[in-house]
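Here subunit A shows up in two complexes: once beside subunit B, once beside subunit C.
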Partner chain A sequence: MFHHTPFRYAALVLLASGALFQAFTAQYFGLEILTEILILAMLVLALDMVAGFGGMVSLCHGALMGVGAYGYAVLSTTAGLTPPVAMAAAVGITAGISWVIGAICSRSHGIYFIMATLAFGQMAYSYVFEAPIFGGDDGLGGIERLDLSIIGVDLNDTRTFALFCLVTLAAMYGLAVMILRSGLGRSFSGVMHNEQRMRALGLTVWRIKADVFGLSGMIAGVAGVLAAQHIMYISPGLMAWTVSGEALVVVILGGLGTLVGPLVGAAVFVVLKHELSSLTTYWHLIVGVILIGVVMSRANGIFGFIENSFAARSKTTEINPKAMEVTKDA
Partner chain B sequence: MTTDLGFWTLQALNALQLSMLLFLLSVGLTVIFGLMHFVNLAHGALYALGAYFAASFAAIWGYWAAFLLAPVAVAGVGVLLYSGFIQRMRKSGPMAQVLVTFGLIFVLLDLTRIVWGDLPLAIEVPAMLGGRLAFLGVEYPTYRLFIIVLGLVVLAGLAFVLGRTQIGAMIRAGVDNDEMAACLGINVERLFFCVFCVGCALAGLAGAVAAPLLSVSPDMGLQILIPTLIVIVIGGLGSLKGAVAGSLIYGFVQTFGAVLAPQLSSVLIYALLAAVLVIKPVGLFPAKG
Partner chain C sequence: MLETRNLNKSFGAVHVTRDVSLKLERGERRVILGPNGAGKTTLFNQLVGELTPDSGTVNLAGEDVTALPVAKRARQGLSRSYQKNTLFDGLTVEENLGLAAAIHTGNATTLWSDSLGKAEVREIVKDVANQVDLMPFLHAKVSQISYGVRRQLEVGVALATRPLVLLMDEPTSGVGPEMAKGFHDLLNNLPRDLTLLIIEHDMDLAFDVADTITVLNYGEVVFDGLPDAARGSDLLKEIYLGSWEDA
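Right, the complex of A and B next:
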């Protein structure tokens, strides 16, 4: 189950104040980077919820984000719904689809689960790539942002939009913590540790997995809607499996099963990507080396590593032993 | 669509050629998994390396030298990968392995870009295999027939080694129960190493034979990776039979899907994979019960 340690609170406060500072002081480019970080953070939050707390290592979360983005784009432009309705519908559709995927894949474990989710993600990708209604490989443009002028907020302003994403991310983080602390979330962690025992206790394992996967997909859908509103244009590239792979990389870089770690990972990843790609076109090489280094060092990501060494020194917080277990069971 | 027999023969040959190419790739991957429980996402990158090595060697010594040397060179890379990463990752869970090999994809992709540049390379079909052959009433490129024959030869060779020789019996024992096999005095670790190298060499071979058909580009490894994974998951991990069945299913569904239902073709294979995983979560012919 998810615990907030003082260390985690401190990290959250630090992250939030960093984001706020950036949101109020940065220029256009800095704000774009901040928004990118916040949206990626939302996606990896959703992924960490299922991968870190239930061992469901999904390679379709990028595609789920794409479903949210495309759902919003099509509903708000072609179908002509107003942005709030289109947003709600797109998030609902994404949650529904991921519930179904979670239910179907709930019987698979380990590498088969990874492959099954990959299959569903690629299915969505290749469908969108071909279907004329989704603009095919040209993508879709002309996507509007949510109109909040009624309360005096103009989201077409870059700074306001970044703040809007920050508020949404905070809400999604709260939601994820609530879900993980609820009975459902506890059962979910129980299923990861011993599925047979949970079944013997009378729980319907597939339902638990599907429910949490659906909720996680919902958060990914929110990230997708915001991504579509951010760039105001979407292309099928958003749904390619490498996006899901990258999301997984971010979770690992940050710290699996810590919920705070992936947020750190998202910030580090996006900043690293922009810094490196301005230096060299071979930035993937460096990211690859860092990834291999982090996984082979057996530390639980950047955040997990700092947290563990901090805990080992002060002995006030318990070391997070779950990290290694997850890597073994997953 | 058409009742012309030649059309169906042609498509069947196309499907068979795609299947054989995938077979060369997937058999290495699936046996590595079956034996080592190791998920090597970098297998596609090794295939791309094979194609690049072939392009370089073919420019110097001609196609046939490239055909023989590229698999050896890729096996050499495999030795480096094995001693550098894979040996150490053997006992980790699938997720750590997926991530390390995902990182290797990034690294190898950019290394090929650094060495060979971003522009696609082309290599010529060898003169001996140029042109077309009349076959079952259709004209078919000789080179593609060569790929089909090569795939069948490799299949026969592997079936013989795995089914009829002592090495094969040792490999099968290792797949079934590696601890018990080790207790019986089989050096499972060395066996793993050999199988891994052979798998890498086969990936290099696939790259070398695919190079004249496709242009050799840095992302060809990423493009082939997903079909290869689909093949081994449909077929069931770890078994030769599964790799054959999966390759044939993929080749035929893909080829005939593109001809008969172009709108659905790309979704069809993924839907099939999902269906297989729902009905038989471990694939059609898994190595273990």
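Right, the complex of A and C next:
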């Protein structure tokens, strides 16, 4: 069940400070990397919501991000909608599609759920790859960024766009926290811990799963809209299953079910990718070794490791003495 | 309050429940006895909807619920505890009770507030924790409490939905004699208008709590009557109670 600890608040402040510092001091290339981190962080935040707090390990979140991106691109370029309307519609469509996927897949578990979501993702990828309206394998270009000139903000400026992505990520993080702390989120956690019991207590389990999956898809859709505006060009590669796989790697690398961890994971992954790829074309091998190390260490990702080390050093867990007494007797 | 008519269930060639008909009045406390494999748990599973009967009906508060799924039956007032603890292991006792109370109070799907912080949910959690003697353990995780306390919580979670009918599958299963005695008080202190159907092997508990006794053997009701009649029944002694009488 989701709880924010002082340590997590501190980690969030540290991450936000680091991002702000980078946003105000970095040059073009640094700002591009920061924006890439922020968009990936939004995607993995969405994935951690369902995988870490509901056990719904999705391999279609990359495709959902793609739905948001293509939705925005088609609606703003081909359909001629204004960017704010296209953005809202694209996010809404992504949320709707996610809800349907969540509802259909809610009865499957474990490997079957992973395969079902993978199948949905690949269906979306194949369709976009072939459909002329989406530009086929050529993709779509000429995508405009949101026009905020009315409030004196020019998103075509790289630094401003990075800051806009940071503000949007903060809002999405707040939304994720609100969802996980709500009655819906608590029930979702209950379902992960014991689905049979939640059903026996009177909960319509598939509906809870579909609702949270839909909301998670909505956040992935926002990430997609920002991804489309960032590069101003999109291709079917955005929807490939490898994007979903990469997102899952980032969640595990950062710390599954912590919400803060995936943000750390996104930063580490993107920085590693850029730094290592400048040294060797086999950078995936190094990332793979690091991931294996993280998994084998049994720590819950990089953030989980730091959090556990900090907790072990600073205090012992507060346990009701009477409960301990009975445990000893058992 | 709860009535079954001619419930039948087979698994292949094995007939697990045969024409089981029961009628429980509001506030009645009935204990189901029977040797292992008599079909007691299978009967429970059909009552709550976890198994679909091959034939027969289940009525709850005058309504036929045979076709309703598990969750809908639960929302209509049918709750159960399990023989094997079926709890939310990573959560605290308070959160376990709170999840159940949130469903009952309609807070389990709200997006705008924390269900566990709602006044009506906290009130149910407190009430139930008092009823099943869990107050000292509220903030302990399930993994930190003893097996016996987990059995109390198992009943508590079922109670937190404020059911009309509570089905308890061997509530004292696996607990020591001292703790089993505590369950006598726990069950006797439950509200008198709550209808109880209990599967139990502890004869002392069964005869202490029961208003009526039903005995199943090979899936069939072979006795249905008052505890005193059950004690004197030769058939019962033969199929089940011999070891208890000798003990």
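Heads up, the rule we're going with is that the second predicted complex is superposed on the first by the 315 of 330 C-alpha atoms of A that agree within 3 Å, B and C clash if a C-alpha of one lies under 4 Å from a C-alpha of the other, contacts with A are read in each partner's own complex, and residues count from 1 in each chain.
Simple rule for what comes next: a contact is a pair of C-beta atoms (placed from the backbone, for glycine too) under 8 Å apart; a residue touches a chain by one contact, two chains touch by 3 or more.
Since the model is a prediction, treat every value here as computed from it, not as a measurement.
**Q** Check whether A:N194 is in contact with subunit B, with subunit C, with both or with neither, and answer first, second, both or neither.
**A** So A:N194 only meets subunit C here.
**Q** After the superposition on A, what does A:L175 contact: first (subunit B), second (subunit C), both or neither?
**A** Neither: A:L175 stays clear of subunit B and subunit C.
**Q** Check whether A:R207 is in contact with subunit B, with subunit C, with both or with neither, and answer first, second, both or neither.
**A** second
**Q** Which partner reaches more residues of subunit A, subunit B or subunit C?
**A** B
**Q** Tell me which partner A:L276 touches in the superposition: subunit B (first), subunit C (second), both or neither.
**A** neither
**Q** Under the stated touch criterion, which partner chain does A:R186 make contact with: subunit B (first), subunit C (second), both, or neither?
**A** Second partner only.
**Q** If we overlay the two complexes on their shared chain A, which of subunit B and subunit C does A:L248 touch? Say first, second, both or neither.
**A** first
**Q** With both complexes overlaid on chain A, does A:M232 touch subunit B (first), subunit C (second), both or neither?
**A** neither
**Q** In the superposed arrangement, which partner chain does A:S126 touch: subunit B (first), subunit C (second), both, or neither?
**A** First partner only, subunit B.
**Q** Both subunit B and subunit C touch subunit A; at which residues?
**A** 326-327, 329-330
**Q** Please output the residues of subunit C touching subunit A within their complex, sorted ascending.
**A** Listed in rising order, the residues are 48, 50, 70-72, 74-75, 79-80, 82, 86-91, 95, 98-100, 102-104, 107-116, 118, 136-140, 144-149, 157-158, 161.
**Q** In their complex, what parts of subunit A are in touch with subunit B?
**A** 51, 57, 104-105, 107-108, 110-112, 114-116, 118-120, 122-123, 126-127, 129-130, 241-242, 245, 248-249, 252, 281-282, 284-285, 287-292, 295-296, 326-330
**Q** Along subunit B, where are the residues that touch subunit A in the complex?
**A** 33, 39, 85, 88-89, 92-96, 98-100, 102-107, 109-111, 113-114, 222, 226, 229-230, 233, 237, 263, 266-267, 270-271, 273-274, 277-278, 281-282
**Q** In their shared complex, at which residues does subunit A touch subunit C?
**A** 1, 178-179, 181-184, 186-187, 189-190, 193-194, 196-205, 207-208, 211, 319-320, 322-324, 326-327, 329-330
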